[in-house]
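Input: structures, listed below.
Below are two complexes that have chain A in common, paired first with chain B and then with chain C.
For the complex of A and B:
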C-alpha cells in the first residue's frame, strides 16, 4: 500500500533532514517547534502490463476520438511526435515510455497499411538530441528503422520552410508549428507527463512551435500570471496553449494525444535513502548515505557530474490515456495529482529547497547558475496548488554549489546571458524588453541550435522568466554553499551554511521564522490550503 | 629643493626588476635646474601624475629602446600641472622636440607639426631626453621645480581644479590614440584596459568619433567597470569575456577553436602586454586597426592573425594636431574632454614625495585598489 505525502512538524527528536546539494546532499538540522518537512507520497504501484494497457488505450480512446486503428488508412501522412530529452527526470531505465507507445502505434499503422510515417522529436527551442539519447527514448528498433532513411527528425523551430503559420488566436497569438506535422492527416503525440504542466494542448502548441509562436506565452507577463504553471486551472501559460490548441483543431489539424504517467520512483535501490523519511532509515540506508557522501567528497565536480548523470530512474508507468487532447489531459492530470499532491496547511516565512543535480535542461550537461535559478524559483517554487508554500515577502533558501560553469555546446547563449545581461540587470521585464529580441534572432545562436546541440538563443531568457513569479513574490533569495560570485551575479545572497542562511533570512522575515523544507525530489505538488 | 631622481646604475635597475621595488629611485636634496636658454622658465609643480611608463622605469621594466633618449640622473614626472613665477597655472606638453632643443632646421616631422615623431630627441642644446621627466637638464614633475620651454606650456582654464589639470597630458595621449585610427564605415570599437588611458580613450571615442557605433570596454575591477560605463562604454566586459562581447556586438560566428569570424573594426590596446595585445588582435575584424595606446615593452604574441587578416598595428604616441578633428591639437581636445566628462574625479590619491614608495605601489595596483590616477602632491614643497 502506497503511503500518501506527509508533513512532519519538526521537534527535538527529529533527525537531521536530507537536503539535496547538486551532485550531493547534506543532512541539515532544522529549528524545532517552527519547522516542517514536506515529504512526497511514496511511489504508486506500476501497471502490471504496460504494453497491454497501451494497446487498450489506443483501442478505447477518451473524448470524442475514434480508436487509433480507425484513424489510420493507406496513403495517409502520419506524424508521430514525442517528448524530448527534458523528460523524465532522471532519465528512466529502458524501455522508455516513448519506446513502448511508439512501437504500439507503429504496429497499428503497419497493420493499417500506412507507409508515410515520420517521427519528430518535439524539441521546441531545446537542444537537439544525440543519437544515443534518441535511441534511449525510442528504442533501437525504431531508431534503426527510421533514422537512416531520414524519417526520424528533430523539430527545427528556425526552419522557415519547415514551419507553417496556422493563424492567430482571439488573443492575437500567432500559431506557427512544424509544417510536416501540420500537413499530416494525423499527428500522434506521445507524452511522458512527469509533472502537471506537461501535456494537453501544450504538447503540440509548444513542442512543435516556432519562436514566433512561443513568445506569446513564454514571457514575463504570462509567467507572473501563472499561479502556478503546475496548476493548469490557474496558469496563463496553459490558457494560451489551450487557445492555440483549439485553433489548431479548428483549422483542421488532427491530433491523437497519448499521455503516460510515471510513479515517482526516481532513484535506484542502492540510493533508496534519497526517497525515504529520515527517521525510517535502516542501518543500510545510513551506511549508503555515509558511503555516498564520503565517496562524492573524493570526486572532482566533473566526475561527480558524470556519476549522477548516469543515474537511470526505475520510474514505472502508472497510466496511459489516449484520444482527444483535453479529455486525455484531464485524466492524466488526475493521475499526476494522485501521485504527487501533498496537502499542506498554510504558508511559512521561509522555504528551503535543496536542488538536485538535474533539471529539464541539463540532462547529460551542466547545471549552470541560470538553471539553478530556474530549478529553484521556476520549478520547485512553483510545485504548488493554491498558494506558494512560502508567504509573500518571505525568503527562499536554495542549496546548490552553483558553479560558474556552463556547457559550451549546450548552453552558448546562457554564457552570454550570464556575462552580459545579468551583469546589467536581473529584472525580468527589463531583460525581456532590452535583450530578448537580439538573442532570439542572433544568427550564431540560430546556427548552433539548428546544426549542433545548443539550446536556442532565447532559452536562457525563458529560464529567467520561469522564476519571474517567485522573484516578484519573495523578499529575498539565499543560496547555501554556492559560488559566491555566481550567486551575486544572479542577484541573490550567498550563505556558507543553512544556519547562516536562516540568520540572514531573519533580516527579512524577523526572528524565529516558520520554515518549510520541501523534501524534493521525488517530485510532489504542495496543495497549500 | 627635494626631487626624486633616477640614477644610471645597473645594480639598482637589476634590483628593481628582481625585487619589484622602485630601487632606482631616490629622494634627494638638489638645486633647481637652470633654464638652458632665454625661452625657458622655471615652473613649480603643483601635482604630477604617475604614469605607466614611469612605473616601468622605476621598477626596471622599461625597454632598452629608450636608453638613447634619456640622460641621467633625471627626475621623472611628465604629467604636470605647475605654477609659473607670475602665478599662472600651466600644464606641460613634455615632448622635447626640435624647436625646444634649438635644432634648426627642424626635422621633417616637426616641420609638419608632428612633434611627437621628432627625429632629434638626442640632439640640440639640451641633453638627450624623450620628454620632460627623462632629461637631466629640464628636471621633472616629481620635484619642487623644473624648467620648461615656453612652447611647452598650456594655460589652465580658470576654475579648473589641479586634479583636472594634471590629467591633460594623459588624456591628450588617449585623444591622440582615439583619433589615430582612420575614420571609416560605422564600426564596433574595443578598448582593452580601463586605467587612465583606457578610460580616457573611451571618452575620446565617444566625443570625437562618429563612426564608432558601439564601444566595448575591457575592465577587470568594479570601479573601472563603473567608470567605463559612465564615460561612454556600451558594453563592459571582463578580460575573459571580451571575445564573446565582441561576437555579440558584431554578429560574428565562432569557429571550433574559439576564433571569431569577424570582429571589431578598431581595437585600442591600452595596456601593452602580451596578453592584452593577443586579446586585441584576437577580436579585430579583417582589415581592422589595432592601436597601441599603452606603452608596450617586449611582448610575445602570435602575429599570424595580423598577417592573414591584414590587420594594421598602429602605435599612438603622445599628441599633436589631429587631422580627424580639423587639426585641433590633442591638448585642446583633451581639455574639452576633461571638462565635458568631469574627469578630475579620476585622480584617486595624492602623496607627498617622501611617501613615494607607497605612492608607486598604489599606482602599480591602482585598479585592484579602486584607484585610477595616483599623483604626487607638490603644493607644499619648498621651492629651493
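For the complex of A and C:
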C-alpha cells in the first residue's frame, strides 16, 4: 500500500534530514519546534501490463475522438511527435514510455497501410538529441526503421521553410508550428507527463513551435502571473497554451494525444535511501549513504557528474490516456496529482530546497549556475498549488555547489548570458527588454542550435524568467555550499553551511523563523492551504 | 652551505618531538567510536511526532521481563550491583544522601518518583535506596529506548530490573504489568518527566506515576537528584566525575478521591520543594512551598543561555571533582 506524502513537524528526536547538494547529499539537522519537512508520497503501483493498457487506450479514446485505428488510412500523412530528453528525470530505464507507445501506434499504422509516417522530436528551443539519446527514447526498432531514411526528425524552430503560421489568438498570440506536423492528416503526440505543467495543448503548441510563437508565453509577465505554472487553473502559461491549442484545433490541425504518467520511483534500489524517510533507514540504507558520500568525496566533479548522469530511474507507468487533447489531459492531471500532491498547512518564513544533480536542461550535461537558479526558483519553488510554501518576503535557501562551469556545446549562449547580462543586471524585466531580442536572433547561436547540440540563444533568458515569480516573491535567496563568485553573480547570497544560511535568513525574516524543508526529489506538489 | 632554490621543498622545521601521544590517540579513537554510533552510522532516532510502527511483539512494551525477577537473576543483579555498578557510581558521583530519615517510619511498597537528567539517575537511586525497598524494586524503563533490541532489553532487565513502560501514550500493557507488580509488593522507581532533560532543567511531568499510585493505592516518595546532569548530561557519552546529592522526601499517599491529575501536580511540587531545600535551607523551602512560591523545576522562562546560566547559579560550589584535586594525580603530602 502506497503511503501518501506528509509533513513532519521536527522535534528533538528527529534525525538529520537528507538534503540534496548537486552530485551529492548531506544530512542536515533542522531547528526543533519550528521546522517541518515535506515528504512526497511513495511511488504508486505500476500498471500490471503497460503494453496491453496502451492498446486499450488507443482503442477506447477519451473525449470526442474516434479510436486511433479509425483515424488511420492508406495514403494519409501521419506525424508522430514525442517529448524530448528533458523528460522524464532522471531518464527512465528501457523501455521508455515513448518507445512502448510509438511501437503500439506504428503497429496500428502498419495494419492500416500508412506509408507516409514521420517521427518528430518536439524540441521547441531545446538542444537536438544525440543518436544514443534518441535510441533510448524511441527504441532501436523504431530508430533503425526511420532514422536511416530521414523520417526521424528533430523539430527545428529556426527553419523558415519548415514552419507555418497558423494564425493569431484572441490575445494577439502568434501560433506558428512545424509545417510537416501542421500539414499532416493526423498528429499523434506521445507524451510523458512528469509534472502538471506538461502535456495537454502545451505538447504541440510549445513543443513544435517557433520563437515567434513561444515568446508570447515564455516571458516575465506570463511567469509572474502563473501561480504557479504547476497549477493549471492559475497558470497564465497554461492559459496561453490552451488558447493556442484551441486555435490549432479550429484551424483544422488534427491531434490525437497520448499521455502517460509515471510513478515517482526515481532512484535504483542501491540508492533507495534517497526516497525513504530518514528514521526508517535500515542498516543497508545507512551503509549505502555512508559509502556513497565517502565515494563521492573521492571523485572529481567531472567523474561524479558522469556517475550521476548514468543513473536510470526505475520509473514505472501508472496510466495511459489517449484521444482528444483536453479530455486526455484532465485525466492525466488527476493521475499526476494522485502521485504528487501533499497537503501542507500554511506558509513558513524560510524554505529549504536541496537541489539535485539534474534538471530538465542538463541531462548528460552540466548544471550551470543559471540552471541552478532555474531549478531552485523556477521548478522547486513553483511546485505548489494555492500558495508558495514560503511567505511573501521570506527566504529561500538552496543547496548546490553552483560551479562556475558550463557545457560549451550544450549551453553556449548561457556562457555569454552569465558573463555579459548578469554582470549588468539580474532584474528579469530589464533583461527581457534590453537583451532578449539580440540573443534570440543571433546568427551564431541560431547556427549552433540548428546544426549542433546547443540550446537556442534565447534559452538562458527563459530560464531566468522561470524564476521571475520567485524573485518577486522572496526577500532573499541564499545558496549553501556554492561557488561564491558564481552565487554573487546570480544576485544571491552565498553561505558555507545551512546553519550560517539560517542565521543570514534571520536578518530578513527575524529571529526564530519557521522553516519548510522540501524533501525533493522525488517530485511532489505542495498543496498549500 | 645549502641554498634554498625557488620551487624546492622547504626545510623541515618541525621540532624533533613526536606529536603522537596516547591521549591524542585515545581521543581520536573515542571520536571515531562516537561518530560510529550516531546516525547515519548508528540507528536513526524516531521523530516524536510520528507514531511508532507496530513493534515486534517480543520487544518494546511487549518485552517479558519476568525472568529478571527470578531468584537466579536477582542474585546476579545483587552481585553485579555490589561488585561493579555501585563502586563505580560511588567513584564517579560521590553521592550525598539526604532525607532518608523521612522514610524511617515507612515500611510499605512505594513508588519512588524522581527528576531525570542523566543515564546515571536510575542506577544511582537504586544504589542509595535503603535495602528494604531496593531488594524488591523495579524500574520503569522507556519501552522505545531500553527495550528496542534484545541485547538492550536483556541488559536493562538484568542490571536494573527494568520493566518496559510506554511513554508516548497510555498503554494498557505496561500499566497492567506495573500495577500487578505493585500489588505483589514490589516498589517502583519512575521518572515522571518521561525522559532525560535536554538542558538540566526539569520537564513537564506526565501523569503516569500519579495514576499508578492512585490505581494501586501505593504512596509516592519524591526524590530530587542534583548533579548528575553535569556528570553525564544527555548527549554525552563519557562521565565527568563530580558530586551528586540525592534528597528523599516524605512519602505522599494518593488522594482518596482518585484525582490523579491533582496528585501529579502534588508530586511535582514535592520534588521542586526538595530541590529548593538544596539551594537554600529546609525551612526557607517550606515557607516558599507554603506560600506557593517554590521555584519551578522547569527553570526560568528565558532564552537558552540564560537558562543555562541560571542552572550554573543553582549548583552547589565545588560540585565538580577536578582531576588535579584527586589522588594520586596531584598528591600533596
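FYI, the second predicted complex is superposed on the first by the 529 of 529 C-alpha atoms of A that agree within 3 Å, B and C clash if a C-alpha of one lies under 4 Å from a C-alpha of the other, contacts with A are read in each partner's own complex, and residues count from 1 in each chain.
Quick note on the criterion: a contact is a pair of C-beta atoms (placed from the backbone, for glycine too) under 8 Å apart; a residue touches a chain by one contact, two chains touch by 3 or more.
Predicted model only: the values in this text are computed from it and were never measured.
Colleague: Report clash or fit for the pair chain B and chain C bound to chain A in the combined superposed model.
Modeller: Chain B/chain C on chain A - fit side by side.
Colleague: Have a look at where A:9 lands relative to chain B and chain C in the superposition and call it first, second, both or neither.
Modeller: second
Colleague: Mind telling me which of the two, chain B or chain C, contacts the most residues of chain A?
Modeller: Counting contacted residues of chain A, the larger count belongs to C.
Colleague: Check the residue A:443 against both partner chains and state whether it touches chain B (first), chain C (second), both, or neither.
Modeller: It touches chain B, and chain C stays clear.
Colleague: Contacts for A:265 in the overlay, against chain B (first) and chain C (second): which applies, first, second, both or neither?
Modeller: neither
Colleague: One more residue to check, A:416. First (chain B), second (chain C), both or neither?
Modeller: It touches chain B, and chain C stays clear.
Colleague: Just how close are chain B and chain C at their nearest CA atoms in the overlay, in Å?
Modeller: Superposed on chain A, the two chains' closest C-alpha atoms are separated by 11 Å.
Colleague: Please give the residue numbers of chain B that touch chain A in the complex, ascending.
Modeller: 235-238, 241, 244-245, 247-248, 251-254
Colleague: Which of the residues in chain A come into contact with chain B in the complex?
Modeller: Against chain B, chain A makes touches at 415-416, 419-420, 423, 438, 442-444, 447.
Colleague: Per the contact definition, I'd like the list of chain C residues that touch chain A in the complex.
Modeller: Interface residues on chain C, with respect to chain A: 39-50, 198.
Colleague: Would you pull the chain A residues touching chain C in the complex into a rising list?
Modeller: 8-16, 27, 278-281, 286, 289-290
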